[in-house]
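To keep things simple, chains are lettered A, B, C, D, E and F as they appear, and every chain counts its residues starting from 1.
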């Protein structure tokens, strides 16, 4: 794929190199995984990002058989030489969407050594599994948060959902001040993450990570004829097989599942189980 | 509420009675609960239905202090006299939607006896909890199944979802034969359960009870501009606070999350983890 | 066409037969025609249905030249042998829609005898004529009636219109109780007869069989922006040449021509010619 | 109503007159009726129009008891004095729409004489009957014809339908040359008769006066999602009780029931019964 | 192009002529230009129209080298012979839309003489320039005015805009009496000029020729959801490259930028700079 | 209005002050005007911003009669004391929209001195004039530019139009890469400036400041049914009198006037007048 490693191999080939030393690290701290998944610009070291996330505590170690660095606390490090003169057919692998990607010609990595902890754990990151989806979606949430805050002051949370593969669906919970805020928030979400397909906005009493609560908000606060934003002919991620994947063209849908401000809020309030002061005291003691 | 018991009390009052003997049973077989929740027509005994569901094994017992029958395997039976000459303010209780219902004037039940098992379990059916929602929704599923089958031959499943409170949301999974089937199926669902607000139809490879799979189907198979059925100005349940609750008027929305038939099905297929014959053999042995 | 007779000829060919004895009956009781037009399941005898409709009075007679039965009161019976070893090009015939059907390869019937009344009447059932349309449409009306009754209690009438060829258009008259009932009724109609294209619902003071009254209801009670149900991308009969006949895909339209309940009913009432008591007496005597 | 007679009575009152001589004519030539129904401008004599329609053969006669003229061939002429100094409550009468109009204060006509044929026929023009509707609708058809001809060259017919009360519905049949013509024709119809509510356009092989043929065209040539023109918030006749009668505001609907030009015309052709040359000869002789 | 000159050359060829005498006049009175641009019917002399516009003062002069007439006040007259036996490739020229037209085979004009004023001005009419656009658009405005007047009594102005190339866009200013008038006016505009693509209607306080005022009216009086008329699938000019130019099919859009009548007019009134009586007096003296 | 000066007067009142020294400057550098119009946060000195815009060359001067600073190059400085103990009725003034604002109670400024240039120019900034509108709109353009760049890489220009009062209308010109980009750009514009009502996007060959070119792009590249984004029920500026000004609720409209990418670009290219090399040389010399 035409990303950073691809660009580095191009440069290496131009220098006349035959191979590149690489370390494939398996099983490490989530901050390192997250840093690796971030869409950092070329030239920024993902190790620096991981170190920042870890409060400066990242330790790297020099590989034994290749000229490469790896996180010191990794479970398993495969030391290899990425061959620049040889491609093989790879895949088909499952991609983020959970469907099979096309087969590709990719260079071979020749393993020349292994470093490992004594009872190392092999951390298999399942393609399109929740972990894969979270690592793709979480880095998109801060910009969405920022754009939404340009429209409304108080944001409770942003969730690139697992069911939407961390890429196509987003739920945002915020405090509504004006009747027309939700439509503006929906457009801000779509502006912040142009690949998004569907977005749902809910009031701040709804937890955007609890999809059953989100469904309840749709059931009780959404009016299908007024609270929907349909945007056909928009650019959507090429990961969406329902759209025109070649043109990256599809229809975006925004759902406003916030309660109307001019209606009595009591009719929309989620009942809670009342508790006695005594019980509250006990519960608080154990929290 | 103007249901069967209300009608019976009316008749009793006309006969000049002062009270009715009743048994309130707590903690019994789910089949009995389900029978009690069914919208049977007046004159049909819910005990008969429960007995049918239990394959004829329902046993009733005569109450000790009142002239009433109760399931013999109940944990706790409250024997009481429903006073026909006295109403008190009841509630506000939480209704199915999870919001507070209005207060009502209701007759008092005067307890005159109790029958119980030795170490009886008190089965508290939480208002608007999952159990409450399942008992409301499940009895609606057979008619939906039947109406959908009038339109398409193979139905995989019908789910009145918990997030939709067992009343406002329905997911149906079926085998699609013609491109236009889903819209017809959506109308059949709305025809079968006129209180419904939102319906989703998915292909038969999607489990309608797994909401994360359903969300995945929406993310990858739904086109917002073509696959939506909007029906404003329709009768919707008065339980929907977003609609006009007095006129029972709202907007129904149908979502067609089935894959388009003219596109290559491979692009929509959910990848599965392949297993070796050996592994399969082991797994089968333990199933 | 792959219907019952087709299936019987298939079985006969498998048995090694060269021909099938058949009786073609022309000119008989409408109940027999209706029974023949009903979509009965394979195995059900249409003679049994006709007999039921006639209150048990159907009489059959044994043919003279072939091994077949025919209604005893028929005007004309053509006795023939349906050749299983020979097909000829048939048509093009006019089909229900009033347009020309494609030509088809069909087996020949060799006539070997005729039975007839003395001054027999030849009853020519004109393809796509009113009689043809009524025979196709009427058998669809009971299920529509039943489905509509699941939504609203009082149905006045169901008319598969002649102008809609007894197949594509339906008018239903019912008593409206809630403002949103008509949309639900429209979906029930489409669910009951999936081939339908257009449906109109009217109040119970409108006769669904009087198309001028129906047009008057549309002129005075229909609001084009609120009272219409548009369902594009639905399955419609392949008889509709405006749709995609291969995919059986088209757009259904529902028209709600009932009066709004919140407006003064007087503004919608059809004026009637008042008559004196004397005149009424005279008229009643002669009715 | 503020029309011509109203204006004349105003002038007469200003002149200090107490009454106006009038002749109420009942039972005359349709051309005279039509002339009376035409929206001629003030100052144009309706007798002149009738005379023109009759090819100059209209004869008037001087009334015997009042100073007024009446058509000489009338069945019955009521000679009266319209009192300018006295109003009475009139009605409620049935208006064009078939519903009851409001009661109004109107001047009295005092009858002072009668002229009649020997066996005169009383021609009762039933309010909202077909005759009333035709007399209202027919005068609107020429301008519609003219406006449509500005858009397409060949118009077959214009029908202000009886079901639409001669005022709210119009069917136009024309020869379609370009795929987009029908929408332009629909707007031309609405421009020509601003009170119109619904319009239908059909191909020139459809007779616009045969409503069953028109319904057949809708069944077989109309696509609900593409061939409809919805114009909410437009001025509609105050006769439409479904609209906002005070603001004369409603939704216009145009229906394009012409066949698509890019599809094979054979699929849309109405089959006709073929006749032999001999039969044609006989038929022609008797026509 | 199949217009009048084309028809004349056809007739001349049928007569066996080799060439036609023509005069190409450059630089004359705008009335003559306008007359030449009018869509007069074949047989009507454009010189007659120009003469009428000039109040009868048009003078023609006989050409010196060819048998043709030319306006006597022209700056430059090219006298030529249009060769009927020879075509050459012409263009590509810029057409009204400002894009390049296709190349065409056209006859040659052989110049045989020139008449000119002493210091003649060469009037170059730039293709798609404002002058070209005004000459195309202005002749369409009277019919639009007339059709609009059939719907509302007071029209302030009709502008076939320069930005819309004098052909695709029209702004009409009129006095609004009823809330629904603007939609009817929009349809009247589209009916009057079937090639039109977009139309805007404004209140009579807005100058339809001042596009900044028109934009201001859209900013402050237009509601995008209620005040828009969308007509897809209509016939539009083949000059619109966004549409289907072969089928002349496109989407018309009407914009109602009039203020709602039920709102306080003060909120919509354009503030004007107040002037003292003294200043007014001075300004009036100099106007 | 509850802006910065209001907050300062509040603080001063709390301190027990009777008046505030102020300098009202009339006639200065546009950079100072622009800085004053910027929505800087409280605490940021607008003089600092102006100085930054002027490259550090802003000079301030101490007022002679009050304790305040004013730009040294101003034409006229009114030195005053803003009375904190006295309010008078102000207005009605014309606001940005060109309509009259409500009257307000505002404090009085008592003038105590004047500083001026010898032949000073009085710079009257006309309310709702172009200058007023530019000063309001220009500060909004950078964020719009930034948000659009998050969606597409190359932006040519952003114009908060004068016709849209520098507040309600925006035109953005950008280089289109994917068919669906324009819809995403429109949402980015609305997200960047939540008060916006209408937005238009054009290709990069269109100058967004030339409204006649923008209208031409709409005439030739916009398809009303596909290229429009309608967002009813959104928050819009309270300056829009057509919306619900109290709830700040209205309908946003986005117009995509870019050419479709799958059509031949030649059909959309604006013809230009070709010039000879010689002419180009001359023109270049004089530029």
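Observations
The criterion applied here is as follows: a residue touches a chain if its C-beta (ideal position, glycine included) is under 8 Å from a C-beta of that chain, and two chains touch if they have at least 3 such contacts.
Nothing here was measured: the structure is a model prediction, and the numbers come from that model.
The pairing of chain D with chain E is characterised as same-residue: of all residue numbers used at this interface, over half are used by both copies. Of the pairs listed in D-E, C-D or E-F, the one whose interface repeats that of B-C, with over half of its contact pairs matching by residue number, is D-E. With respect to chain F, maximal separation of chain centres occurs for C (centres as means of Cα atoms).
Chain pair with the larger contact count among A-F and E-F is E-F, by C-beta pairs in contact. Chain A and chain B have CA centres that are 36 Å apart. Per-chain Cα centroids separate chain B from chain F by 57 Å. Under the contact definition stated at the top, the residues of chain A that touch 2 or more other chains are 226, 231-232, 250, 252. Shown here, the protein chains touch around one cycle, each chain meeting exactly two partners.
Here chain F touches chain A in the complex through residues 143, 147, 150-151, 178-181, 183-184, 187-188, 190-192, 194, 226-227, 229, 231-236, 247-250, 252, 256, going by the rule given at the top.
Taken in their complex, chain A has these residues touching chain B: 94, 97-100, 126-128, 161-165, 168-169, 197-198, 211-216, 218-226, 228, 230-232, 240-243, 245, 250-253, 259-260, 263, 266-271, 273.
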